[in-house]
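Chain IDs A, B, C and D follow the sequence of writing; residue 1 opens each chain.
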Amino acid sequence: MKYKETAVITEQREIAPDIFSMWLQTDAIAKEAVPGQFISLYSHDKSRMLPRPVSICQIDGTKGRVRLVYRIAGKGTEEFSGYGKGDTLEVVGPLGNGFPLNREYDRVFLVGGGIGIPPMAGLAERLPGEKLIVAGYRNSEVFLKEELEKNGKLYLASEDGSVGTKGNVLDAVRENHLTAQALFACGPAPMLRALKAYAAEQGMDCYLSLEERMACGVGACLACVCRSMDVDAHTHVKNKRICKDGPVFSADEIDLG
Amino acid sequence: MEFRTSVNLAGVELKNPVMTASGTFGSGAEYSEFYDLGALGAVVTKGVANVPWPGNPTPRIAETASGMLNAIGLQNPGIDVFIERDIPFLRRFDTKIIVNVCGKTIADYCEVVEKLSDQPVDMLEINVSCPNVKEGGIAFGQKPEALETVTREVKKYARQPVIMKLSPNVTDITEMARAAEAGGADVLSLINTLTGMKIDIHRRTFAIANQTGGLSGPAVKPVAVRMVYQAARAVSLPVIGMGGICNGEDAMEFILAGAAAVSVGTANFNNPYAAKETAEGIQAYMEKYQIGDIKDLIGAVHL
Amino acid sequence: MEFRTSVNLAGVELKNPVMTASGTFGSGAEYSEFYDLGALGAVVTKGVANVPWPGNPTPRIAETASGMLNAIGLQNPGIDVFIERDIPFLRRFDTKIIVNVCGKTIADYCEVVEKLSDQPVDMLEINVSCPNVKEGGIAFGQKPEALETVTREVKKYARQPVIMKLSPNVTDITEMARAAEAGGADVLSLINTLTGMKIDIHRRTFAIANQTGGLSGPAVKPVAVRMVYQAARAVSLPVIGMGGICNGEDAMEFILAGAAAVSVGTANFNNPYAAKETAEGIQAYMEKYQIGDIKDLIGAVHL
Amino acid sequence: MKYKETAVITEQREIAPDIFSMWLQTDAIAKEAVPGQFISLYSHDKSRMLPRPVSICQIDGTKGRVRLVYRIAGKGTEEFSGYGKGDTLEVVGPLGNGFPLNREYDRVFLVGGGIGIPPMAGLAERLPGEKLIVAGYRNSEVFLKEELEKNGKLYLASEDGSVGTKGNVLDAVRENHLTAQALFACGPAPMLRALKAYAAEQGMDCYLSLEERMACGVGACLACVCRSMDVDAHTHVKNKRICKDGPVFSADEIDLG
């Protein structure tokens, strides 16, 4: 089920420059959400009609809360960052499919790049088995480090080398001679492309969370498609809807170009 | 007091004047997760062609002030899958089914219309005004003679009443409305999207891959109300009004301007309950002003 | 690094590409209480006719989503008072003066243009696209032949470069742009307002007395950018872009689309410093991306 | 001079159903404002571009504050009513001309109808001489009573007779046999029309504050005109700009139709 709720912000703080962490009281959504799903946030400013899709970072089903961690990327996220405890936001969710949690792997990679790191925190909490978490940052402005360390072994990479391996997430994997049976990732497109190739090379199962501009967020408008290897079930034209068929795809389903 | 919200479009009785705008509501499946589609007068489907269309490259949409641009490019599974899957799905709800038809040539339109002729759908809406595909579509929607011709041809194959959907990208909407009427249209719907463009100034490129896209949402509502007003007075056909409707108050503007029914489009993206709430809002307006029959409000703006 | 923001329009050198949109800035007096008009490339005045025009009844405006409708009806004191009072006032500032001219007949336009021919104004902008007066105006702006004729006639009397201001209420803006070019226009400006309507559903009447009005503001920006892009590629004249510009980022969209200069209109009502801040914003963009000359950005969107 | 300021709300409360009183810290404006002038308030919601003109109710020049009292009439005023202490609003002002304060009258009427009452509070504070204040309400939901009583003799009228004279402000004037040399008024158009006729009949000077939809609020766009008896200085067509030439006019200047 999907719900539209008026969520109440129970906590918001800036956890790194321009990166905000927000806990939302949103009972129905929190109860059903799984890691890898996202929710649509709506602006109070009515000049902005479209939802802002944001991945669920952590889920507190007991308290009925979800945590979002987002970067200020434009006017909408800037608006959200100005709200505080007690303010409300219209939200719709949980949306999309989430990462597969039912496969039994002994050891998995959870790889997050930049603002793709947050969903890895919630995934690490729910995924069984040993977790090797690789988080790629731009620089020393790291965030969610504690949350990630709690549920797995954390390896850092940074573009400027100020923390962890200097380079990208794959550099960190290689530098630390890491191996696993499967790979779960979220981050910028070039990173996902490289990870897909790496997983194929290593014979790992690979699940990637994609992004695209969205309008409906629920699968109705066909704005957010990605190319798929096979004809899709919905329109039979090798286009999958990221909001509905994804955002998490098995890497071999999709054509990353 | 009783409040009658039903309207009649070319013999088809809708329980209320609210429908969905083509392309914003799929074939209803996604929004049926939020509410019973029986709350609506009709569901208008995404445009369907004779064969599957892959649509345009992404990004396909961009947000604009109180609106959005889209260039989906009419991605659709083709009429055969549609008939097999979408019609049976929609038949489960107590609402009318209106199939939006797109094509590149007159023959394309006629092929789809013919395939639908023995199907349990209530009306057909012919999209001759999509600005987002290179061939066909918009060309028929911007020249009166072409519009009249395509209308006449389609009518030959149609068993259901035909709605011709007009483009707002014209100098004189009344000329287009009259052309559709002359071609034998049963109903008119307007407006489709206004052609627009957004530029990403940081990447110095177009915000959507197709360069231009169709502008929709509250931004266009004043243009839409004006055109509905003009079209409704130019012809004697019922008119379905749309363009930026978000709630009952917006819908009432169109109805007072002369629309016999209204469609909710972009607003669904802002609020999945928008179409249902629009129907409720119309009812609330009638109750507030104690108007017993919605028909008494159609075109009832004072001059 | 030095950043050159000056642009040249038909031989007239503007210190920066930002001007005011006619009708939103009077003759500058009111906004000169907020800042020195010398911050702007040019001030474009409210439309002036051969004789005083009383304009339309009130209400003359209505707010719409991210925009507004206006039907001022070109109230103006006539060219004689204008020459006596407004030109000397504007001459006090280090900015170019562009006089917007309105009329009901070709003879009206020519009379005003002739009276301005020996006046110290830099350019003339001919408004053939006002949707808010019954006679004249818009009629010239919607038919290519009429536009070409009025352009040619006006050019006979004009000593200053002539800007033809185009209406967006047309099927094909490139056809109109070419007609103005054929008639001898020196510069094009667009867009004027889109014809719109708002209905007051509680009083069941039109929100503005004139029934229809011109839609402007951020709502129309995507349509304006698209038309500027199309017009700039259709003719070899410089184009002045406008429609919803509120800041330097909006202005950059138009410049990248092909506008050699831009006008700020409705945004002045939201922020009296809008035009000045737009000029500053363009400069900031150039600094951010280290572009030394604004001319290198005109039409520089990647295809 | 006119100023654009980011004003800070120092206090806001609902003083009658849907009627809000708001004090704004707006130094430059407060220093120069006079009773009868107004300020333009701007929405944070960018789908609303146009200013909301609101009359200045009271001025505290020392603290640099102005008070506004407004009724929720639509989305803009609804937005404003949701803000509280510490929130900010973009404002432009002071706008328009204000009531004439330099004429010497022994006794004057200050007449306010409905949401036209607020400017009378500030005017009563600044106008010399004896003040007969007549305030017309819809019903018993009166507001600003104390403020008005402080600076003059207050007479009430209400449409439903629940307070003061049953009827309109003129009924209250007649019932109390009031007379004065001049009349200052703000309120709905029919009231102003009746007052203009009454003042002419009584040979009183009469100043009326008018309203019209505004776009620029500063005299540039010609949206807000009223018909004037003589050709106006600005466009020579017998149209005066309410925002610039008014909102206060001598009754004999204007044609109320």
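Structural remarks
As a working rule, contacts are C-beta pairs under 8 Å (C-beta built on N, C-alpha and C of every residue); 3 or more make two chains touch, one makes a residue touch a chain.
If you're wondering where the values come from, they're calculated on a predicted model, not measured in any experiment.
Listed here as common contacts of chain A and chain B: C, D.
Between the CA-based centres of chain B and chain D the separation comes to 46 Å, rounded to the whole angstrom. Averaging C-alpha coordinates per chain places the centre of chain B 34 Å away from that of chain C.
The distance from the centre of chain C to the centre of chain D, with each centre set as the mean of the Cα atoms, comes to 35 Å.
Across the assembly, chain D contributes residues 46-47 that each touch 2 or more other chains. Residue positions 65-67, 217-218 of chain C are each in touch with at least two other chains. Taken pairwise by the contact criterion, the protein chains are fully connected, each one touching every other.
Interface of chain A with chain D (complex): residues 44-47. Interface of chain B with chain D (complex): residues 65-66, 218. Taken in their complex, chain C has these residues touching chain B: 64-67, 69, 142, 169-172, 194-199, 201, 203-206, 211-213, 215, 217-223, 225-226, 229, 244, 249, 252-253, 256-257, 285, 300-303. Chain A meets chain B in the complex at residues 1-2, 4, 42, 46-51, 90, 92, 212-226, 234-239, 244. Interface residues of chain B, counted against chain A in their complex, comprise 23-26, 29-31, 33-34, 46, 52-55, 58-63, 65-68, 70, 72, 75-78, 81, 217-218, 266-273.
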